[in-house]
Amino acid sequence: MTHTSPDFRWPVRVYWEDTDAGGIVFYANYLKYFERARTEWLRSLGHAQEAMRANDGVMFIVTDTSVRYRRPARLDDVLDVTVRVQHAGRAQLTVAQQAWRGTELVAEGSIRIGCVDAGTYRPQRIPMSITRSIPQSPPG
Amino acid sequence: MTHTSPDFRWPVRVYWEDTDAGGIVFYANYLKYFERARTEWLRSLGHAQEAMRANDGVMFIVTDTSVRYRRPARLDDVLDVTVRVQHAGRAQLTVAQQAWRGTELVAEGSIRIGCVDAGTYRPQRIPMSITRSIPQSPPG
Amino acid sequence: MTHTSPDFRWPVRVYWEDTDAGGIVFYANYLKYFERARTEWLRSLGHAQEAMRANDGVMFIVTDTSVRYRRPARLDDVLDVTVRVQHAGRAQLTVAQQAWRGTELVAEGSIRIGCVDAGTYRPQRIPMSITRSIPQSPPG
Amino acid sequence: MTHTSPDFRWPVRVYWEDTDAGGIVFYANYLKYFERARTEWLRSLGHAQEAMRANDGVMFIVTDTSVRYRRPARLDDVLDVTVRVQHAGRAQLTVAQQAWRGTELVAEGSIRIGCVDAGTYRPQRIPMSITRSIPQSPPG
């Protein structure tokens, strides 16, 4: 059986605020771009994070980030940022993300997020309403 | 004669990166929101800033900002940011900007930008192609 | 009678994160520099803001900022940021701030901060322990 | 043979600008903290980056970042950020970095930086004056 799960994509525009004196996007800002895309991906699945915190008392925190910066991006570029779940655990998700400028891969990384109690920061089970809506990757 | 010049509007979403430990949008970030809207307003008039720098050798720099923060905005809010030219000089523009959440005014300010040589930072006449495309306000 | 109240000064180093593609400090970041200096000024008077929130249930929020950017600052520059109380009210402070590179004035502004309840954001009287420690300006 | 190479340490204070609505330091900002420490480490070896660009026509760019966020840091915390060279190549350095709050490890990561031509972004040999001043790790 073929499983086609096109990645979620979210466009991001590069503004002055994103650049540095090298004339390119400051590398730390790709973490922001990746997060905007994850947020919109969750929203596309029906989950606004502010509501999650208010209703379920839980929030996602980022526990690990690994990013490779492949090409410089510049002012006025539009980047397409993708989201794909690599691994879904009980209380953690690992998400593969890429930033594309047209057909050029600009940056890519792997982000691990954990679900925690919004007050105590202790690990919590990811709400079923979320895990149910995450597309399962095919085996292997 | 009636003059109707609806302000330019640009929507901005509030992400984690924009908030602070007070639970609201960090005030300095409204300057970023305002600039994204000005950039998109210029683009809507046909002027990409990276191209301006490459072709005309000029760029806009911000020389004065004055902002009043009226209401807190929060994670997941969508703000509509407006742009209206208050005054257009030879080498400077003063722009009135507001951030709205629905019918609530969240922040408003006045931003003065100057046109400078991209190498020397000396004041330059704003390219005619830009001034021509800026709507003239009616005499007050 | 002469009144000498040397301004509080706090040094700030310009890093890559602070610059933009124009090769200079991104203007919005002066609001961050100004806030670091205000925070250290409050600390020098014995007031840590996290403790203020925990103990008194109040926090300062910024309600108005007005900044003029006079000269570009660049990577590796050290700026001296000053703090001087212009006006102290019951629930608000207005603070004049400047950023100097040696004897050159790089940016200056006026920041109004309000004391609010950390939960409701309603205006609160500034704790006496703070107002008592703010140097009074001589009558004008 | 004992080899003692105490890591370079640089203190960083957490300000409002660094926090997010979760009440803690926004994770992307650890990349900024790490960079401040690397910059000061280079400076301690006699290398200011702005001068490097002006004199040698080269600059360092970040090509890979891998960070694990272990504990939340909060407003007013002071973090000690460390720098240790893991691997020094012809045109690249890999640096291990950690952020400590007292005896608690808050975040740690590995950052790879490459030396490039400041105009073309092509890889360049790291200036000898720099490689000579980098402490050599003992054979593992």
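Per-chain numbering from 1; labels A, B, C and D assigned in written order.
Here, a contact is a pair of C-beta atoms (placed from the backbone, for glycine too) under 8 Å apart; a residue touches a chain by one contact, two chains touch by 3 or more.
Because the structure is predicted, anything quoted here is derived from the model rather than measured.
Student: Find the chain most remote from chain D, comparing centres computed as mean CA coordinates.
Tutor: Farthest by centroid: B.
Student: Go through B-D and A-D and name the pair with more C-beta contacts between its chains.
Tutor: Per the contact counts, A-D leads.
Student: Starting from the mean Cα coordinates of chain A and chain D, work out the distance between those two points in Å.
Tutor: A distance of 25 Å separates the two centres.
Student: So what's the Cα centroid distance for chain A and chain B, whole Å?
Tutor: Each chain's C-alpha centroid was found; their separation is 28 Å.
Student: As a quick test, compute the distance in whole Å between the mean CA positions of chain B and chain D.
Tutor: The computed centroid separation for chain B versus chain D comes out at 35 Å.
Student: For chain B, which residues are shared contacts with two or more other chains?
Tutor: 16-17, 22, 28, 32, 35, 74-75 - these are the residues of chain B that touch more than one other chain.
Student: In the complex, go through chain A and note every residue touching chain C.
Tutor: Touch residues, chain A against chain C: 16-17, 19-24, 26, 28, 74-75.
Student: For chain C, which residues count as touching chain D in their complex?
Tutor: Residues 13, 15-17, 32, 35-36, 39, 48-51, 74-76.
Student: For the complex, which residues does chain D have touching chain A?
Tutor: 22, 27-29, 31-32, 35, 59, 61-69, 72, 118, 121
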